[in-house]
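Chain nomenclature is as follows: A, B and C, assigned in order of appearance, with residue numbering initiated at 1 for each chain independently.
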Amino acid sequence: MAEVSLNAITKSFGAVHVIKGVDLDIQSGEFVVFVGPSGCGKSTLLRLIAGLEDITSGTMKIDGEVVNEVAPSRRGIAMVFQSYALYPHMTVYNNMAFGMKLARASKEEIDKRVRSAADILQLGPYLERLPKALSGGQRQRVAIGRAIVRNPKVFLFDEPLSNLDAALRVATRIEIAKLHEDMAGTTMIYVTHDQVEAMTLADRIVVLNAGMIEQVGPPMELYHNPANLFVARFIGSPAMNVLPAIIEGANGDARVRAEGGDPIRVSNKIPSGSKGRPATLGVRPEDLTLATGHGIFNGKVMLVEKLGEVTMLYVDVPGAKEPVVVKLTGDVSVERGADVGLTTAAGNLHVFDENGISFPRAHA
Amino acid sequence: MERVASALITVIIGVGGAILYFYLSNLLLDTIFSARGKGPEAARNQKIAATIRPWLFLGPALIALCLYLVYPLVDSIRLSLFNRTGETFVGLQNYAWAVNDTQFRESVFNNILWLLVVPATATFLGLVIAFLTDRIWWGNIAKTLIFMPMAISFVGASVIWKFIYDYRSEGSTQIGLLNAMVQGFGIAPQAWITVPFWNNFFLMVILIWIQTGFAMVILSAALRGIPDETIEAAVIDGANGWQLFFFIMIPQIWGTIAVVWTTITILVLKVFDIVLTMTNGQWQTQVLANLMFDWMFRGGGDFGRGAAIAVCIMLAVIPIMIWNIRRANAEMKGR
Amino acid sequence: MIAGRSKSGNAFVHLAVLLLVIVWTAPTAGLLISSLRAKDLLSVSGWWTALTATQQSQVGRAAGPEAQVEENGRYFIRGNVFEGAAAGTVNAFGVKIGDPRAFKAGETADLPSGGTIKVNADGSYEIASDKKFEGTRGQRIFYVAALPPKFTFANYVEVLSTAGIGQSFVNSLTVTIPATIIPVLIAAYAAYALAWMKFPGRALILSLVVGLLVVPLQMSLIPLLRMYNNVGLFFGVPAKTYLGIWLAHTGFGLPLAIYLLRNYMAGLPREVMESARVDGATDFDIFLKIVLPLSLPALASFAIFQFLWVWNDLLVALVFLGAQNDQLVLTGRLVNLLGSRGGNWEILTASAFVTIVVPLIVFLSLQRFLVRGLLAGSVKG
């Protein structure tokens, strides 16, 4: 089986601590996405799993076996690089066959596996071409093919779609999703900074920030129940609106008051000790609707953006540091400068304590 | 002292003169074909000026090139068909002489030896050293030390190595490093540079010693230019150090290896200082470049034969010249 | 570091590189060390022996009786056997000429004429006696000491004053500096024209330059020699002058200069020049005020190249300057010395080092530019 288990993993480059303590258990056959801002350590973590960097402290196991000191080619992994990393002087066929040639596999065995991988990815007509005669998308498929030929337990992807143009990105994303279905039983670990890729491909998402895990969970879990402010703002586009607030009531009478606004009833579980403490109120743009008359948030419309399928409003709400973003479906006519009220169900309100940790909501 | 003063004056005159020439000629051009004003005449003048101006910039360089390189090239070929003073036409007689002359044949044989051994060895060593030094923290210091002989003149290097090859009779204290080591192993010391055939290799060591640094610097940059990810992908594919080197790194820098190899080849054909200083061609070490120098001044100078030898050296260079021009043209099309 | 890589593999790399570095620097080191050794030592022992202390038997004389002091009824003469000379470590000493190792350092020995003598490892000695010392001369002390390597500048002094190296040094400077500056200037203009100006035949001239890069010097020598001789005859001036060699080196150095500078200039941002043109600058202005300043790294690279090349050149100097004694440049002088003073290694090593010290300094201090110049146009995919 192909479980990957990381235990108290740290990685430092000299005095720079890049990974500060990661614990993670990945099930066999799972599609896990590491996501996070630049410099959070997601690529480093992937390279640690691959064995391209050595682990400073902690234990890593693949398929139950400790692999800290095991060379990359012996870990049962295969990797697809962001820049494809094809061998420019070898044909597509030889690129895919290289690993097996090094392992002295028989010619028939090599041919069988290369052609079968080429079939999966429709690379048949290109087998005798050099990489420079291929388009970006074709090169990416060759890189994936090279990985498939290795018959790995764990597939590693390092931002494979970043170098492709937008249309190709969607098509390749779908292909990768299909690949996961076809190769059931193979664990896939995928690194990206694009949360759309994360949301669409992952069984579970690992959100990383500054070398530590912020939250691990299925995409919808992260969307609905972000564990902290960082995850809440990272997942979802446009990002969640946040307003500084004070906790005015706890337990059954949980109330939060944004600066310059009225107290708002929330359905989060707030312990009594938190009364009077500063907090952060969060609500997603897509969860806000226009109220008739006075709403939970009120202010002047600064900017209206009509995109056809959605209308974006930027509302200047007193007390909020940035304009509150509202995402309305369809074509809504609102005048610039108009006074509007915004409302939403209490269950859509997220409250985070002064350290950014979220208070759990009553309904999940 | 006045020598230094005259040199200083020349530099000032030369530099000042060059600047003055360019400034004045441009000024003249702009005055005659004035582009001031907005009328059609100004536009026409500007066009004319723009056509002439490049030639003003190129002028001095073109004259120097033609005078010192192009004309002599042609004239050497011509002189090779004339007698020793360059006055009587003798056809291919000089070449006929060359083919039958023992020293000439010995030189060609030796040159072939040099051409086979030196570029390949220097390139190979440079590649290996570039590969190794990139892996250690003190690599840059090592590279500087190995590159250093390039700053030394061939004559200086020859003195250094003549010292190493020094020979004292058997049993006495050796002051030459090589004989001291050899004697330390119980073998009789030799006068290395007098041993026929093998002495060529001892001379080649000097050029290899100098040129390896050159190869190393260029190949080190080429190795650094290889995308890291192709190496990492090969590591994942299971390649060890040797396999990485041969299957992944070298194929990707073939072009640079070829450039280094051909550059050293050309140098090998031109170098005469080493042979002149070490042996002056004795003990069968003669090479074409030294032979030519010899004939230029021997007995008052035999220009015909000297030119013929020069032409032979040129012939060996032509294939490389064509390859270089083709490469440069292809590159310029890409710009 | 890639996981699973053996640590011992790395040790092998360190060792291999160390070995290579030693092999590469030993020749030059040998030269330098030899040039600093005394003349007589050079011809009898290898330079590597000079690196460690050598054991030598020596004799010194203690201070005479007039230096004795009286302390508590006894008389002492004290001093140091090394006084004035380089200090070493005394291993053993003796008072008879045949037996300098009779006593170990630090022991006390009986003197035949009465009294005792003690010589310590640092060379200090003490002669003690109950009777007052008579006579005028001090005791002779024979000792065996480990002396540190002895170096001297005497060879350099001799070489610079009498062997003509000093004159040749000036000659080399005189040839090299103008021969470096003039080509740079001429080539810069031509390079700019080839990089940024449009005119028919541009590609042709560029191909010509590339082709001329590899033409061996030998092709130019005979015709130019004849031409210089004819010019000399015609104008009644000597054929071999400094002006002649400056111009020759300029001509020979132009292809490389134009090639390097042109490649560099072609890589400069077009927008900077275009915006200057919009501002009304002529080509000449653009060249002087924008391109030239921006091209300084390339100019420096070529200048260093050319400097080293001309300084180290032998062939052009011999042909165009001649082999007369006072006209020889350093390289020529060195060849000359090899012929005339072939056995005097102290002269040869010091002279050789003088010839290489200037390029070495230039190289070590400006290496970065030299490397950049080499790489320009050499690294191909």
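The criterion applied here is as follows: a residue touches a chain if its C-beta (ideal position, glycine included) is under 8 Å from a C-beta of that chain, and two chains touch if they have at least 3 such contacts.
Note that the structure is predicted; figures quoted are calculated from it, not measured.
When you average the Cα atoms of each chain and compare centres, the chain farthest from subunit C turns out to be A. When the C-beta contacts at A-B and at B-C are tallied, the pair with the greater total is B-C. Closest to the protein's overall CA centre, chain by chain, comes B. Centre-to-centre, using mean CA coordinates, subunit A is 62 Å away from subunit C. Note on chain placement: the centre of subunit A and the centre of subunit B lie 57 Å apart, centres being C-alpha means.
Chain geometry summary: the mean Cα position of subunit B and that of subunit C are 22 Å apart. Those residues of subunit B in touch with two or more other chains are numbered 235, 252.
In subunit A, 51-52, 71-72, 74 are the positions where the chain touches two or more neighbouring chains simultaneously. The residues of subunit C that reach two or more other chains are 2, listed in rising order.
Of all the residues in subunit A, the ones that touch subunit B in their complex are 50-52, 71-74, 77-79, 81-90, 98-99, 102-103, 146, 150.
Of all residues in subunit B, those touching subunit C in their complex are 3-4, 6-7, 10-11, 14-15, 18-19, 22-23, 26, 30, 50-51, 53-55, 57-58, 60-62, 64-65, 67-73, 75-76, 79, 86, 129, 132-133, 135-136, 139, 142, 144-156, 159-164, 166, 173-177, 180, 209, 212, 214, 217-218, 221-222, 225, 235, 241, 252, 255-256, 258-260, 263, 266, 269-270, 272-273, 276-277, 289, 292-293, 296, 303, 306-307, 309-311, 313-314, 317, 320-321, 324-325, 327-329, 332, 335.
Within the complex formed with subunit C, the residues of subunit A that make contact are 51-55, 67-72, 74. Taken together, the subunit C residues at the contact with subunit B in this complex read 2, 9-10, 13-14, 16-17, 20-21, 24-28, 30-31, 34, 42-48, 170-171, 173-174, 177-178, 181-182, 185-187, 189-190, 192-194, 197-199, 202-203, 205-226, 242-243, 246-248, 250-252, 254-255, 258, 266, 282-284, 287, 308, 311-315, 318-319, 330-331, 334-335, 338, 345, 348-349, 351-352, 355-356, 359-360, 362-364, 367, 371, 374-375, 378-381.
Taken together, the subunit B residues at the contact with subunit A in this complex read 227, 229-230, 232-239, 243, 247-248, 251-252, 254.
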